[in-house]
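Have a look at these structures, which come just after this line.
Next come two complexes built around chain A: one with chain B, the other with chain C.
Right after this comes the complex of A and B.
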């Protein structure tokens, strides 16, 4: 009897099986539900309804804005941190990095709940009373709080990997610190930025735990919308999910365009 | 290195152990598996704070010695002792009726479910896609009072049984199934406002009034009154909040109804179940006002927010109200003295709007196929076990809701008396005959009779008389209401805002595309083969 040869390809089988059952099949199911009606006939009704309903368009645009703001804020905070950490000669910078990543080890619901209580405490003082009503602010704050490590880590890895001789070369050729940053560091850390952006942007469009708990469920992002629709109308819910999928696909495809493949390595967590 | 190896072997062994024990567990004698699907936090879980535990504590037992198992474990034991068969309860929970319905629709198999009134009706009226019904009727013998093991029918309050037999007076179409064919009651109650009576609000004229008075004066309008802005919560589900918005929109009409008329309850029920376009047009702006005025839409944070004093009013189910009242009353215990810290207690009240509110019932139903699966006997036994006065006390004590059980010998009345009753001289008579039968009642203090736990658990008959049961949304109504809800929950952007944002996003996208392809159109060309590199 001859056993099938064990090759490296064999190692892919578990992943392939996983991919088929947990990615491809569910995707097909969503596609199926999105384009059928209650009697399971093919129908484009949901498609038309989605794009003619200002509520749904509004919600998806709102989520987009929230996600964009979250991403930008995360980037603005994370880049300097990652840069300083990566370029400094601190002996224990690993510890400092850990401090930023540590929150990820604590249960996420717990952290959001704690933040909610902090906001409530703060809004009791007269000067900060506006906080009680600032549901959008609190939602974005929570998202930033939650996703910041996902931005810092890939940035840190890419910036550390930049060859020191490049900085030296830049200095040799008379480049100022600013020029070095804009012509060397920034372009070379682009893969890190992109993978950080993807990892923050996508979940912040759908993470409705944050918007429910910090936005007092008065902020409805697209993820919550899908959840609500799945309570009673799977077909519409699937259609919204599908539209979101297209948006996500487009943004990933576009952002992938900034990098050539060999640079991405290591930056994609 | 060696240590690491040993450690890793030990760790993996430890991980494997539970699997092994599971495997060996399968080898034993065959047990029936009863899959029960119930609301979250809706059954006695045992441990600290449970009825058994607290009772033992009161009798002077040592904290560490008390064994208070969950009621499910006790059921399994009881079933074995009674029927000499093993049963294994697989218990899972859901958060909303709709979640449960979806699970069923997906084809997940459960034996026993605990939906609310309208969902019982929906399930009883609908069939699955393959034409089989969702539910299975109870055996006729289940309702035979002569069998001592039929705890449900022997102990259930006649008031509840009457409601279940008449579908609680809902105007259901001719030939509709009765609840009692498919369902045995579990808990029941009303919805209303939990409020902090000590909080004072400015009522717009510069006067500060107590919240109790304010609620009496404004009823449902409290939801949209600026005086309680950010101090009130609504439920984050369409059923309860639409109901509340109906109350806000139709309060005047509801108050104008003639209470003594024969058709009062029918008309009240019709108002609270209206789903036509005209009604929705009137309710929608009210829902928007509610959204603007409330602190949050919540599903389970309301209780804690009340107790912490963050909000003054919480629209809640009566059982949750009792829970919040109990929690507030308990306060914080000082570790050193063992006494309640001063000022940590908060005494909350419960109020049911004058214009009418919701009366609801949750009941056990069996899914279709329990006979084939051989679990019907166990399912009915489960319901019977839960209906023993002792079990009803345990569940009710643990979750705060009111059991449908009265008890053959009015055990639940004694229990209620034990909880809330006082001596004859100290309180006044509180009539509970509607629930427990003639001449039933207890003596209680005024607060208990009018606004606290006793009132929330067993509202007086005249309060119940102005409460309506919810019907399920039939086909097209369901879509209308859901669309309405999505309009309420979503933030509506103006057309120009959408356009501006879309244009911005499109510009970013175009820019990216430009950067990506940089004017080169070689995107569609095949990529060079492996090993060759394109030279720019």
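Right after this comes the complex of A and C.
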């Protein structure tokens, strides 16, 4: 009698099913809707409409700028934190790391709501009155607040993995602290920077909860746009989603996210 | 005499309470190949790291060409290191790894302007200079044409060569090598030893080499610094250290040795293994000495012709010689010879007078600082031992209230009295039952002395050492308790003024 055996192929079946029904089929549906009109005839009308409409194009640009600013601010804050934590000899450094990650355990909507109330409160003071209308500032602030842990963790893991003797080797060869940082630490922490950037940049382009709640509905990012269109015009919505897909693909490709280098130091969480 | 390039003066390094280097002083002559040799944890790597600048001495001075560099950061020191695990930069190729130091370098160039004034400028090395120097360094380590290779595609031996090239390309005054051959296989290691020696000769710079491999040290060095326990045990040429070890530690660590306890019985006459031998070392009559004889210096002969007569108990073939162990009475003697002997055979042994090395034993007794406690016990070395306090005052006795009554009838409360505790080498026993003795510790050293083992047990907290002899076989790092019989603890008062009641 032959016993059923779990080969690698059989183990792949659940994921393959998932892949087909929740990734490939929806993609095809989006592709179909994007290039058809209401009568389900093939049409490039949406494509033309999208690229000739300044509001739609500027939304894409705004989304990119907001995501870019958020990513840069996150990186500037996270790098020193991760660097100091990774290299310190503190026994309790895990506790400090937890303090940065802990907010992730509290419901996301609740946190953004709390932030909104704090901003409202602050803007009542005359000195901070400008806050009431600083919608872009508040949006970026909220996104940094939310996505910072996603930047710290991969950076921390990568920097911890850098062998201490490499810093010593650099100093031994005459490298100053600055040289050591720019020629050893920074290049070796690049994989961590890359995965941190990906994990912050992509959600901050599409996560419209933050921009909705903190931007007084004045800030429209591409994610919100797609959501709105799917209310009445699935064809246009699909077209925007497709454009976003291409933008994301391009930005990942440009940042080298697809190259499978052999000495990539696994930093994804 | 060649000038001193580097000199350590009373250097001590401690991490918190843990002293890893204790008052080390020595110097290195320019152009020398010097090796720090010792078992792991002896402080040799820490000494090297202090010369490189990665660790700073807690006290003492490090002088480079007479200048104090103790606190100079590593990037300001004209020394380069070959790291134990190479520490090559994984994101740079071979060329960039070697060029790293050159790119950090600034050289002063002198120019003349139109008016004829001279001025100097600190400048980077030009691209051409860098690539020429890298090429030359690669030639020295036999890796021509490897410039573009990525580090991860190199074998261990090739990485080793790149690490050496990366250091020597900077033309350091001293090259530091921290167990550089440790990760290579035996054959590769032998080849690299010869190459390093050759490189030293060609470059003419000072090499400071760290290893725990005594053979490597003997092969390569001009001078060997033997270290143990953070202390320099002996400094000398390989031959000097091998032929005339300063103490039993060095004798035991470098090469094979027979170590016996002996007594000087007359002018240049020493008694050990139950026989009297002529020797060349001059010691006082009746002095207790350690006798060291190298296995290859014991010559076998017919039983009736030998100074010693013994029975062969084991014969092991070692490639170029046989290692023969024989028993002489209760003593065990190890002999190396190209002649084969049969187990059970009775042989005679002769030892030439000049091959018998006498040395003052490092330990003749154990001395501790102790304090008398309430119940007339003595506390020392993290433990409490029963003792006879009446020996502090001749003719005294202890009354029923545990007060000491002196011969004159004076009543003395000894609690808190500071005393010096002495225990003989044969008066200590150990047990693996932690509760059996007065204190506990780990065995840190075992030296075989012909008919017994000389053990050192170190207590864990205050790191006091108990040195003693035992016939039983223990293992290093065993956790044991130390037992001392009451009557073997010798006490003497430290201060003459005593507490009276």
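One rule holds for everything that comes next: the second predicted complex is superposed on the first by the 255 of 269 C-alpha atoms of A that agree within 3 Å, B and C clash if a C-alpha of one lies under 4 Å from a C-alpha of the other, contacts with A are read in each partner's own complex, and residues count from 1 in each chain.
Note that in this section contacts are C-beta pairs under 8 Å (C-beta built on N, C-alpha and C of every residue); 3 or more make two chains touch, one makes a residue touch a chain.
Since we're looking at a predicted model, the values are computed, not measured.
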{"item": "Which superposed partner A:120 touches (first chain B, second chain C, both, neither)", "value": "first"}
{"item": "Chain B versus chain C as contact partner of A:188, first or second or both or neither", "value": "second"}
{"item": "Which of chain B and chain C A:62 touches, first, second, both or neither", "value": "first"}
{"item": "First (chain B), second (chain C), both or neither touched by A:218", "value": "first"}
{"item": "Chain B versus chain C as contact partner of A:43, first or second or both or neither", "value": "neither"}
{"item": "Which superposed partner A:163 touches (first chain B, second chain C, both, neither)", "value": "second"}
{"item": "Which superposed partner A:254 touches (first chain B, second chain C, both, neither)", "value": "first"}
{"item": "Partner chain(s) touched by A:228 [first = chain B, second = chain C, both, neither]", "value": "first"}
{"item": "Footprint overlap on chain A, comparing chain B with chain C", "value": "none"}
{"item": "Complex contact set, residues of chain A against chain C", "value": "163, 165-166, 168-176, 179, 183-184, 187-188, 190, 262-263"}
{"item": "Partner chain B, residues of chain A touching it in the complex", "value": "54-59, 61-62, 64-65, 120, 132-133, 212-213, 216-220, 224-225, 228-233, 250, 254-255, 257-258"}
{"item": "Complex interface listing, chain B residues touching chain A", "value": "96, 98-99, 102, 230, 236, 291, 294-298, 301, 310, 478-479, 482-483, 485-487, 489-493, 495, 497-498, 501-502, 505, 509, 512-513, 515-517"}
{"item": "Chain A-touching residues of chain C, taken from the complex the two chains share", "value": "52-54, 73-75, 79-81, 83-85, 87-91, 100-101, 104-105, 150, 152, 166-167, 170"}
